[in-house]
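Take a look at this one; I'll ask things after.
First chain written, first letter: the chains are A, B and C, and each begins at residue 1.
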Amino acid sequence: MSETILETKGLGKRFGHFAANADIDFVVRAGELRAVIGPNGAGKTTFFNLLSGITLPSDGTITYKGRDITSAGGPARVRLGIAKAFQTANIYPDQTVAQNVRLAALARVQGSFALQVFRRSGRLGKVDEIAERALDRVELAALIHTRAGDLSHGDKKRLDIAIALATEPDILLLDEPVAGMSIDESRRTELLIKKLAAEMTVLIIEHDMEMIMGISDSITVLHQGKVLASGTPTAIRASKVVQDAYLGGHSEAEIGG
Amino acid sequence: MTVQSLIQALLNGFILGLIYVAIAIGLTIIFGMLRLVNFAHGAFYAIGAYVGLVVAQKAGFGAGLIAGPIVVAIVAILLDRFLLRFFYDKEPTAQILLTFGLAVIAEETLRLIFGGTTQQYPLPDWLQGSVALAGLQYPAYRLYMAIAIVAIVICVWLFISRTNYGLIVRAGVRDRTMVQLLGGNVRAASTMIFAIGAGLAGLVGVAASPIYSIDPQTGFKFLIPSFVVVVIGGLGSFWGAVAGGLIVGELSALTTLIYPGAADVIIYVAMAAVLLVRPQGLFGESEVIKG
Amino acid sequence: MIDATPTRAMRGGGDLAFYLWTALGLAIFPFLFRLPIFNGYNGLATQILIVGIAAIGFNLLLGYAGQLSYGHAAFFGLGAYAAGLSVLRFFPGAHSFGLAVIFGVFIATVAAFIIGSLVVRLYGIYFALLTVAFAQMVFFVVFQWRDLTKGDDGLQSIATPAINLGFAKFDLTQTLPSLALGPFGDLSEVRLWYIFAAIVMFGVLAFVRTLVRSQFGEVLDAIRENEERSIFVGFDPRRYKLAAFVISGALCGLAGALRALYDGSAAIATLTVDQSGAFVIYTVVGGVGTIFGPLVGTGVIMWLENIVSAKTGAWRLIEGVIFVLVIVFLPNGLIGTILKRKFNLFATLRGKK
């Protein structure tokens, strides 16, 4: 069995008196496709923010490939191989699709800072290579000269994923990747996620239960900031505890599938 | 340095502090409600002072005291309606540049109209004289002004915390869109807040001119310290403006006593210290820092 | 916002064309300037170039790194005083001109590094206010250190030493030989100072253009456009902003040093908020985020100032009005507006719009 790639112990985050996350013990093995689900307000996005470095935790530790990254900043985590695609596609709206992805590839090749005030980045061949590969995988190659801000909602989200891929991650965090997409786009994205999951570890927050049940290796359920249950899709589906938690928000049919 | 001079400095600092408080309150609620960084706020002070002077020379002290803030409020409303409201919610850089430009225009216009020399504000007899206080004779007018400013600050506070309009202001500081969605008349409240903030600065401009005299630089002289006050207290915080104002006033006065050359720079050092250690100020919210 | 920065797509134009046109422009500028409609004179042209260097430096921070500083006079003034002190006290002698310039830039760069390190963690109004605070502190120190800087009087009688290249010496106050040029005046009105300033300006423009198109410039663009995303692809915004701050401070220092050597004096006025404000005005009027904008803005404003101040005392008011009008109606500045029109025109012609 593959080793643990990411682990949190007692992870918590408080905003004032409000505990968005508390006591989270979480283990992911390399190559897993782990879904993180839970009713609205369960703290899923906060959890991802803690993992990616957008916020620093109030308690607990995060270990990545055996290394303590609890206080590491965003750029450091990206360099270590943790990449994130955002809930609302976070792109450079005034740049072309190609340039968006190239920037991520550039960061990958040059590091967090390079005082290259004379040379143009086009000289770095590897950058174009990485960018092309990322674009091919999300199938956006046809749109490379389009201004990113002009893309459709679904295409923007795929661009966001391409940007994340261009940093050559070992673990990819996807925050609601199919939210707001049409059925067609959702299915395409689902296929993409399956493909990616074959090459790297993927963590995904989603509400689309059908998709989650279909593709995940395992599922962690968050409720009111804490881990409620963790296990295979079958086990989670059958779990009474999970169903009770969801009856507050969704109907049983949504979980049962 | 004698005990006497120390007490005098502390009193002067308190008076100056109250002036800063009055200016800063306007600045901070304008920022809180309209998300406008107003570099022209000092100009409201200066316009109030000059208008008050002109009117007082013709119709007496009281008339000047009334005319100043009213004219300033009108100017503010016109500015808001025709120019500034397109800049609310824009990036602070654009706002700083625009209001800075307006401040320059205001200062230069005043200079052209009134000349570059310092003017003195005529004080009626019944307001002159001094009062025995803590072992020295302190100018009575300053104390009257202090009491008046404290009363005004309390009134503004009551307005914000007790009335419906005030409720819109407080909610608007938190979340403008939500207030609009809930049906609050944000537009009207915004204009009113701007007028009140400006008028307050104008009022204090008139009231303080017998003490500090008037010249076209006055606007800029009070502008940066007002921002220092607001930074120390916390942008958007009412009581922050009060605390900040008094702190900066006392700091200024005490430094003038001990090392006069540094009186200007000490407040910049204070502001730098706050910005480096706790940028949101004493009472501000820490999420405000980005942009 | 006042975001004129053309996207990468807009930046067309070959390198050779740029260098040729720039050199040509700089060469004919003093002569055009002499035409009766402009009524300029060579000294003013030189001053425009020198101060323009500072505006270009300032624009690097505002237009490309996206941060508004109201304290850049600190670097300008430090450059001036450092150069002056270098000639008068520290490094007089055969190579004092070159050493003065180097020393001026050095001091300004060190100051920019120290101040920059503290300032780049902030944003928006907080950033601007902290730059003002530090600039005021620099003013205070320079003003109070009378032994070194003569306080209010400033440094005087800094003779422009000659440029000493070993094999040749150039006295910058010398003029070119006489040659009548009709409405363009006489060739002898052009001093070597102008030629020197033009060479430096050419270098500065070439440097900035290269920087903006470089890998560094590309990342700076990205950070300005979406800082969060830039962090989460792995860039460190703070170091980029610091680098931009230091380079911009260095350029202001260069301008200050040249100014002191040209004027023969270093005045305390170079360190005031007014001076910082002047850089802001020149850059905004000319066009934030464009290469030539700050130079054009400096030229237009300084030229207007020269004409208007002779006739009325209302120059500062007029300057303020121009500034506000530009912000409200021409937020991209003179050059920025022209560039945008040109870009829209090309895009339409190419059928992209």
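By definition in this document, a contact is a pair of C-beta atoms (placed from the backbone, for glycine too) under 8 Å apart; a residue touches a chain by one contact, two chains touch by 3 or more.
All values reported here derive from a predicted model rather than from experimental measurement.
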> Where the centre of all protein Cα atoms falls, which chain's Cα centre is nearest to that point?
Replying inline: C
>> Farthest chain from chain C, going by mean C-alpha coordinates, please.
In response: A
>> Just the number, please: Cα centre separation of chain A and chain C in whole Å.
In response: 45
>> So the centre of each chain is just the mean of its C-alpha atoms; given that, what is the distance between chain B and chain C in Å?
In response: 34
> Rounded to the nearest whole Å, what is the centre-to-centre distance of chain A and chain B, using the mean of the C-alpha atoms as each centre?
Replying inline: 48
>> Can you list every residue of chain B that touches 2 or more other chains, as numbers and ranges?
In response: none
> Any idea which chain A residues touch chain C in the complex?
Replying inline: 52-54, 73-75, 78-79, 83-84, 90-96, 99, 103-104, 106-108, 110-121, 124, 163, 166-167
> What does chain B use to touch chain C in their complex?
Replying inline: 37, 83, 90-94, 96-98, 100-102, 104-105, 108-109, 111-112, 224, 227-228, 231, 235, 261-262, 264-265, 268-269, 271-272, 275-276, 279, 289-291
>> Can you tell me which positions in chain C touch chain B when the two form their complex?
In response: 1-3, 62, 66, 68, 70, 118, 122-126, 128-130, 132-134, 136-137, 139-140, 144, 273, 277, 280, 284, 313-314, 316-317, 319-321, 323-324, 327-328, 331
> If you look only at chain C, which of its residues touch chain A in the complex?
Replying inline: 7-9, 210-211, 213-219, 222, 225-226, 228-236, 239-240, 243, 247
